[in-house]
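The first chain written gets the first letter, and so on, giving A, B, C and D; residue counts start at 1 in each chain.
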Amino acid sequence: MEHKPIYYSEYLQLDKILNAQAPESSKAGIRADDEMLFIIIHQSYELWFKQIMHEVNIAREVFRQPQISDNSPELMNVVHRLRRVTLILQMLVDKMDIIETMTPLDFLDFRDLLRPASGFQSIQFKQLEAALGLKFEQRFGQNYYTSQLNEGDINRVKDSEKEISLLELVNNWLERMPFFDHSSWQQVDNEHQSEHPFWQQYKDIYFSTLQPEERQNDVGFNMMFMNDKEYPAERRLSPRANRHALFIMLYRDYPLLQLPYELIGVLLDIDALMGQWRSRHLNMVKRMIGSRIGTGGSTGAGYLKSAMDSHFIYKEFAELTSYLIQRNKLPELDDSLKQKLMFSN
Amino acid sequence: MEHKPIYYSEYLQLDKILNAQAPESSKAGIRADDEMLFIIIHQSYELWFKQIMHEVNIAREVFRQPQISDNSPELMNVVHRLRRVTLILQMLVDKMDIIETMTPLDFLDFRDLLRPASGFQSIQFKQLEAALGLKFEQRFGQNYYTSQLNEGDINRVKDSEKEISLLELVNNWLERMPFFDHSSWQQVDNEHQSEHPFWQQYKDIYFSTLQPEERQNDVGFNMMFMNDKEYPAERRLSPRANRHALFIMLYRDYPLLQLPYELIGVLLDIDALMGQWRSRHLNMVKRMIGSRIGTGGSTGAGYLKSAMDSHFIYKEFAELTSYLIQRNKLPELDDSLKQKLMFSN
Amino acid sequence: MEHKPIYYSEYLQLDKILNAQAPESSKAGIRADDEMLFIIIHQSYELWFKQIMHEVNIAREVFRQPQISDNSPELMNVVHRLRRVTLILQMLVDKMDIIETMTPLDFLDFRDLLRPASGFQSIQFKQLEAALGLKFEQRFGQNYYTSQLNEGDINRVKDSEKEISLLELVNNWLERMPFFDHSSWQQVDNEHQSEHPFWQQYKDIYFSTLQPEERQNDVGFNMMFMNDKEYPAERRLSPRANRHALFIMLYRDYPLLQLPYELIGVLLDIDALMGQWRSRHLNMVKRMIGSRIGTGGSTGAGYLKSAMDSHFIYKEFAELTSYLIQRNKLPELDDSLKQKLMFSN
Amino acid sequence: MEHKPIYYSEYLQLDKILNAQAPESSKAGIRADDEMLFIIIHQSYELWFKQIMHEVNIAREVFRQPQISDNSPELMNVVHRLRRVTLILQMLVDKMDIIETMTPLDFLDFRDLLRPASGFQSIQFKQLEAALGLKFEQRFGQNYYTSQLNEGDINRVKDSEKEISLLELVNNWLERMPFFDHSSWQQVDNEHQSEHPFWQQYKDIYFSTLQPEERQNDVGFNMMFMNDKEYPAERRLSPRANRHALFIMLYRDYPLLQLPYELIGVLLDIDALMGQWRSRHLNMVKRMIGSRIGTGGSTGAGYLKSAMDSHFIYKEFAELTSYLIQRNKLPELDDSLKQKLMFSN
């Protein structure tokens, strides 16, 4: 079957892409040469947000399955795509250099013409945060939703927040990991998971490695891993998922755990880069408008600062690091479990 | 006068921007998840090419004037904008990382569906090369014009090539510089420019600094700066422009020469980055399709390699570096010329 | 006079440089392949801190002069060197990628062997902060000085803190700027600087541009610029310096103000990059050791977080941005002042 | 057992590192403020070359074993370390920005004092090229060895060239891969490897995918993969290694082939970055000294250009890309082979 010959500009729909820049300053008869940059950089950000959503959606599609075969390339595919997302985010962060070449005075030439639009109105960015795992109740500036977004956009974001997030899916996938279900430990595991001999042993070793001034970590360990009744409701990873994630971090030298280990790493990378993006963005806004009110009515700098401190999505993975021990003190795994984690040949 | 309230997504025309991705693989009912990336990265490149053209056109607009006042901010504006162009180009180069995450096998999933489109068909890139100063006769792959471009696009490129380029404008601006026209040297200068006492003196000092094995530079110096009858026709900068550019490089410590010096530097930066872009692009094509024929019918790698070696636009500025001497050997300028190069206070 | 022939490895003293890596793990007979990376990256950081200090010291040397001639290349030299510092800092920030390839478990292999050393003990970094303008009383973690540094190092830092900083020198240089001293306004200026007609006029225009919700800036303006008796003692720029810096930001299109404008910009860039460095560093520490106590006894993450919020040195320049107005509303300067800001030709 | 308390500056031997900068200009009583930068950037490069050698040596140590167990973390370790090498190389490339802030005139201030030293004398860089797989006979500028290096250094490089390189080790490891040795195909495989049914089948499919104008690839295929008697002696990968590398690229979705696939990719990344490094270096030299003779006596630019074209070490892996086919046309593997490539569970 033949397809119509493809031509570059048609394939890329450049008639749309390159005719979507209509500076307000031109309409107002004012010369403000930097408004083109302002438009194009934001359009470019939005294009890339679409791409990131595309990748994150593929990742979610994989994790939505009840089971992922270790022999399918699916987990590898997820890690591959999320690693790509980190490169994209890195580029979006670095690209801030370009908008920073617009000086405050140059921005003032057309800033007032943009009221009351604001970067807060980027729906894709909010959808991305939601897809990754940010909940509405964790958001800073919830009141801006109604004051700055139109109804259609509010609904689009709300809908995204209702979907199961990557964080939830990863939590569920971690919970399903059968590390200790195949063995004689099974029975114990089901009833009193926290007292599974492996974890009891691990806990003892862990405490023996603490410096005296670190003994407070005692409480932390029980809370994080031991199915405590008082496990804080706001935490996103369950104790079972915490244990399995820690297990992955500890025994990542086994072939089966390599990809899971990389997955955790790349989620942390994404978080770190989203943080860098907010931090660079904040700094840019400060230099551009100081502490003045943003075009949308919020104090741009204030919003970004607060979001920066509270919008970390995967920080619970980072916290696990506190509970690692030295490799040479790791408990030896029993043979049947080892078999599960290795190639047969 | 009131303006209509602006809303982010309308201002950025996101309905166009975010609805311009129609993967051929979807149309063909094939799953090729990476085609989205392929589309979006190219669209993003095209957006940025538009921005670069915007900046280069402002630069040309400034230089098209018969005179640029030293007290206007125009030259500063040009340098500022071209510096921004270097940041954009740097980002385009770095961004290659992202497309390189698409593996050859992933590309093969949809590659055949794109025939006979090819990156060669990016008209904006060709227009940009033309605006910067590349002439049709210097182009590699001239025959691809007719085999790969449609008639409208050929004409668009041709039209761009007819416009006066930034290189020509800078050459003319350099020629107009009145460094030696204000003095008693004027008369000499007009008739036998090459024998102007300053340049004779400079030439003597220059030769005294050469190592024995560098004496071949003798010929070069006369050719480059001395209004030689045999000045090669293919050179883009005239001997007079060469002299003035060299003068700027040598005496850049004077306030008036700072911006001209930066201008030359930023043009070289642009060239270097265009070179990096081609080089990275070439490397990427090699890894993606090896030595196979590109979708457009050319050997992608072959084209890029040849373009890489021949499309340097500002290399004549780089060549001037061979003719610098040490600062402490520079001829002292006469007082009236110094005055011209300094602030009055 | 002949000099001894130079040989690369001797010139660079590679016998010292390449024989200065003695992993503690090797001494302890433990295999910890990543300790080499840990050593080399820190040595590389220290090399670059030395280079940054070199550049900052040249900048201070220039500003220590009672007067800088507008026709000397000195200010250009300062801007050039500080711009280089920003490139170095950018590289130090980006380089964090490399140390982040060391996983927490790999670090644990040798971490205990390094006690009680810590990154806090980098004296050059503290000296650099002091040279740029950070005062001891602004530092977070002052108590760590005595608990973590030896006496020689405490003294080295204290001595640096006694030297006049770049921030103070720039403040003094701004104060000396004679923008309004040459005119009939002089007399007024000396006695009631705050009521100089230019600033009165500017203030009126500024307030007319504020949105209703921004009226609080009223107080700010008077405080920042009007020689208020209640000017906060902790501020590092005087009201007079604030006025002159704002003037530079507003009238930067005049040739004489270009370099001063770039100077302010590059100081802000340095601050932003130091902030990025702390932020990346913090993130890296969090991933590496979580919330555990650092090898030196402090909570690494806690220290870095606090330093990040309080060690911004040039933020008072950034705050000026709040007081800009649109270019087309700028008061016209009187002719004699304009003359001062332009080339004579 | 207690160890001596560690102190940052002693651990890092900062007394050596920070006292190893002795500018020739200072000795000569000339002020050349940029010589410090020149020294420090080169020292920093050398530090990082040492680190890269450290990683490459660990990789070689792994591959020197007769067998690498699929269940050991060794191959993962190699990929991890080589990926780190790419980050280091990327940083070395980017860092070129910093040295480029030194202008030609600033370099001329001290350039003559450095004769006849030259960057060619970096022994570590040559050792690195050798360790990666560059042979003396492939080197450009062999005559510079005797004219520019002292005898001790010549011997150090020669010794490195005698060691088995990473390229050779990877070739041997590829050759050992038992993809088709376990099956009934074994016998055929030993005698007439080229006629193994899998490869015959693959070849047929491959040719069916070629465009008419690509039929020349016919010869290439036989030459590359079919144990041809006329296999060119200068090629570094054997036909058997080529086949196995291609197999890895094609079937990388199987768990066992993921790391081998990543290994090939990271080797290509290293090559590409070494190429970028040479290209940036070349461009920098051109801007710094034009076409003048380098301090060591060679034409710096000429040497770098030639090295750039000929020193690609892993290009034979890149060439394999030409022989890929679309995933949906891949021959199905037989079950026993599949088993070998998957986890047992």
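We take it that a residue touches a chain if its C-beta (ideal position, glycine included) is under 8 Å from a C-beta of that chain, and two chains touch if they have at least 3 such contacts.
On a predicted model such as this, the values are computed, not experimentally measured, just so you know.
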- Query: Counting only C-alpha atoms to place each centre, which chain is farthest from chain D?
  - Reply: C
- Chain pair with more C-beta contacts, A-D versus C-D: C-D
- Task: Please report how many Å separate the Cα centroid of chain A from that of chain D, as a whole number.
- Result: 34
- Query: Between chain C and chain D, what is the separation of their C-alpha centroids in Å?
  - Reply: 39
- Note on the structure: The positions of chain B in contact with two or more other chains are none
- Message: By the document's touch definition, which label belongs to this structure's chain graph: line, ring, star, complete, or other?
- Response: complete
- Item | Contact footprint of chain B on chain C as seen in their complex | 70-71, 73, 76, 253-256, 258-259, 339-340, 342-345
- Given the complex, residues on chain D that touch chain B span 104-105, 108-109, 112, 211, 213-214, 217, 249-250, 252, 268, 272, 275-276, 279-280, 283, 286-293, 297, 318-328
- Item | Interfacial residue positions of chain D with respect to chain C in the complex | 3, 5-9, 11-14, 16-22, 24, 27-28, 33, 36-37, 39-40, 42-44, 46-48, 50-51, 54, 58, 80, 83-84, 87-88, 91, 94-95, 97-98, 101, 113-119, 121-124, 150, 153
